[in-house]
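Here the chain labels run A, B, C, D, E and F in written order, and each chain numbers its own residues starting at 1.
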């Protein structure tokens, strides 16, 4: 089966910043991403959990974005601009994708 | 005085307050009791819808008071002004940084709708009438405090994220404001007939839902106290205990100037004394990400909210009664 | 005519419709107001259970009407037949592809249970009785339209996923059909005694839950309109406005032929006029993945649902009253 | 005898039981009907809060019975002792391993609060009064069985995870115990006044919520039967059908010794006959991960729960009535 | 610590297709997978979100499957058959696993 | 953009063991992790799903932890101690991270 190399960009970020992040993605011509829920976590800003939260203030999500390797580098700067002053983690991994015509 | 004490006692031993206490205790004892996020959010939507609707119906019933407009303006001014007082107070009695102090100040200018609901319940139980439009005043007081805080930062502090239009829209059209104002409008339009159709949904179960909601808030507050108490200084806690009374005094003045009823004055005090823990924290995360959430959430939810819920409300009502000569 | 107008006015200014409007507005203004998926699903389970149960109790009360069986058959025929009319109409007035037209047609043969509930409420408020088994007719009308649409595709269009047994079971045993039929059976079996046990759960809060549910549907419909309007042509929108009246006419004919009461005829019109947005979209994603969901969801939820909710229902009731000589 | 039969018939045809049956059928037919996890959890919180609160109010009303303390002790002893009987029985009639047998035994010493609620409902419908503190007895019976089972393992079986303090706290402060005891206390403290404030939330809709909750339990039980039946032997199923009556007999003896009312004796039987499917499974996953969950969950939820719900409860009530000379 | 090479197959797919996909996995002798919820996303068929959805029609899930490298290739064809006409994304990554006797 | 090599440790584990696992992480000086919800799955102990569950007994979560490569090896032994007798899967992948000063 024919597969293609791609990058898997995973950004754990506060829910309130999600729209700002995906707006940047759209601006840069990235049209594909997936948002996964996050139950809780721990980092430099302490531990948190979604249980019983009534405020949107303290939730996070994970935005996953599969892109062509050559599109990664220029994207990172823009993403960093959104994430910069906010808590969160950005990781990049290598994957193979099926149906690469989609990306 | 007797009045205050008996009101405070009734209040402290009500199912609503005891449910909150149960939540705090369960959480401090590290029980795994928890209420799913979706259910908590569903209950808050129910409470906002019900309180807004009832307010609207009450305005439809009694007609527009000539003070409605003035009360809204007073609410806007209080919400915008209180953060400045709070900021000053914080700089004096705590060692919080400019950014943290401004973030905390924003919370105390804005309001806690659950405190408002609890205050309304106690008034109702005590048979004290209120102006129905106070719920609209509550909605008006949600947002201005945020703008004041950002102004404080730009005046005294480091650079802040510029107030872009997306953020402005988020603040003004945040879910709880829209739901409160929207259901107020629906209640106003449909009036008594509308209420007849849905009263067994929005009136009968209200107190019970409030119990479970406060159970959840107790759980969250307890978790916050367990985790966030490290970041707290005595000065900050002192602010959380003092500021409600400063706010209540300002609310008292506003209510008297407007010539409101006993209930209306009491609710103005409750609103001014209460601190936000829903709308403002979210706005702060966007606009002031450098401010430490455990400080403002612990103060608002862990210190001021329980204070108002237990002692504050009876005291404000007693004062309002004494001053307006009501009951 | 007066009748229609006053009914329409009452309807438009009911808390239920205004809640829907609030949702649409909030969503178009891009407020972050939202109802958690789990809560929305919980409310839809509540509504299906309550409406099914009440229908069953009503059948237990009044005995089986001799027309029950015939009404079910009429429902099956309408559901299977309307997609063919809809498909023809679409081919004439819109430029949708065969696949998209067949998918849209399936939605209009099937029914929207919330529209049914809204219609029943208005009838109840107006004091017009209905046959309790109409809820069973509603259940019967959910699925046949899907089979018709697949037949249309295989007749006029490209290849389709073969109708395997898994898909067939999914369509026939989908959650809302099972819950509606099941609670109808429970209501029938337990009758008035059963209702006495749970009426303060399924009757008293019903209208209020419906308000919050429609608030959510308004939010979803508004989001759909914002996102999906690009895919819409004037022809397609015209279909969404016209087809309900075509369906209602067919429902009117069926109801008259069966000799139903005013309320029964009106509900037959409502069912035939309404378009599915739960069961059919899911089936289409499996069976016709090539069809564009934003077309059928926007038409069903964004155009036809609000039309029926606001103007359609009063008009259908007025016509049913006029034709059957009721009230 | 007539009594039993008519009680059993009324019970079997109640909305609550039929809702459970609907869930089982839907699940066996592989319908996609499902209730979101958050909603199911929300309903269980509601039920626990309501049942605890009502128990507390009833104690506040009737004063503390001198048997309250003794009943709690009896509950603790039953919960600790029944697992040993269950373990012995399992070793005789099934071929379960030591670990699996101990895990199953823990479930049967502990209790099912929903069975307790269903039993209370039937008693209420039949006009038989009960001691309000039985809900505290129910809470007391949740945990000791777990300790007994771990003791059985260390005595007869292989090594087990040492009982660390974290596990102990989890068992004692698990959410359902805390909520039950907490709301019992709140009901006791606030008494009749408290109940007046929230009765339209915790009494009126109770039976209806119970229907939907049992619909969900039926769905889960049906899924378990479909998946877990492979792991079941005839001996194990026999145990699941027999053990409730063994437990009920022990409960009968305890109730008679304590000199409880007819209703109190019946509830002691129900508690002893019922098997846990919430608290104990979670504890077993931590303490005995080697035990196979499909065995204990299928027995508890798929065999014993429906048995008690349908036939068990009427039989226990009839026996309690006969023996105490009640009604 | 002893680890083993494995492949991490991640399939983002419509909820309504989940059972069909896992049926294929079972048929092919794959007994281990995990289903993660997806909150929303964007792709060629536009943006969507789970908020307030009453229909099952527009939800997605992510099915993650850890398998021995040699089992991957034959599986892909079968998976593609299910995914083919449907929206969704298939990625393959390299991971090391503990307790490989399980796979 | 400057990125750093890191390991992505993903542990699928029963919810009831989550606190025990994160306690170990804290003990070993790992302060960053994220917990993701899991809807269902299949493994040697059969299939399960979260739908309609009222018990905590049968839910799982995924704990994801990004760590410096050199910290991985000593951590695995301790993690295995918690996971050991429990059902679940541990995978390790390679990723690049932005803002590595955080780890």
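FYI, a residue touches a chain if its C-beta (ideal position, glycine included) is under 8 Å from a C-beta of that chain, and two chains touch if they have at least 3 such contacts.
Computed from a predicted structure; not experimentally measured.
Novice: Under the touch criterion given at the top, what is the topological distance in steps from subunit B to subunit E?
Specialist: 2
Novice: Any chains in contact with both subunit A and subunit C?
Specialist: B, E
Novice: Which touching groups survive when subunit A is ignored?
Specialist: When subunit A drops out of the picture, the chain contacts still join everything into one piece.
Novice: Using only Cα atoms to place each chain's centre, name the chain farthest from subunit C.
Specialist: It is F whose centre lies farthest from that of subunit C.
Novice: Looking at chain pairs D-F and B-C, which one is connected by more C-beta pairs in contact?
Specialist: When the contacts at D-F and B-C are counted, B-C has more.
Novice: Using C-alpha centres only, name the chain that sits farthest from subunit A.
Specialist: Of all the other chains, the one whose centre lies farthest from subunit A is D.
Novice: Please work out the Cα centroid separation of subunit C and subunit E, and write it as a whole number of Å.
Specialist: 34
Novice: On a C-alpha centroid basis, what's the spacing between subunit A and subunit E, in Å?
Specialist: 19
Novice: In angstrom, rounded to a whole number, how far apart do the mean CA points of subunit C and subunit F lie?
Specialist: 45
Novice: Express in whole angstrom the distance between the two chain centres, defined as the mean CA positions of subunit B and subunit F.
Specialist: About 39 Å, centre to centre.
Novice: For subunit F, write out the residues touching at least two other chains, lowest number first.
Specialist: 36-37, 49, 56, 93-94
Novice: Would you pick out the residues of subunit B that each touch at least 2 other chains?
Specialist: 32, 34-39, 41-42, 200, 204-205
Novice: Would you please name all pairs of chains that touch?
Specialist: So the chains that touch one another pair up as A-B, A-E, A-F, B-C, B-D, C-D, C-E, D-F, E-F.
Novice: If we count contacts the way the header does, which residues on subunit F are in touch with subunit E in the complex?
Specialist: 10, 12, 36-44, 49, 60, 62, 73, 76-77, 80, 83, 89-94
Novice: Enumerate the contact residues on subunit C facing subunit D in the complex.
Specialist: Touching subunit D from subunit C are residues 36-39, 41-42, 45-46, 49, 53, 169-170, 173-175, 178-179, 182-183, 185-186, 189-190, 194, 197-198, 200-202, 204-205.
Novice: What residues of subunit D sit close enough to touch subunit C in their complex?
Specialist: 13-16, 18-19, 22, 25-26, 29-39, 42, 125, 200, 204-209, 211-212, 215
Novice: Contact residues on subunit E for subunit C in the complex?
Specialist: Of all residues in subunit E, those touching subunit C are 14, 16-17, 19-20, 45-47, 49-58, 85-87.
Novice: Which subunit C residues qualify as touching subunit E in the complex?
Specialist: Listed in rising order, the residues are 34-37, 40-41, 44, 161, 166, 216-217, 219-220, 223, 227-228, 277-278, 281-282, 284-286, 289-290, 292-294, 297.
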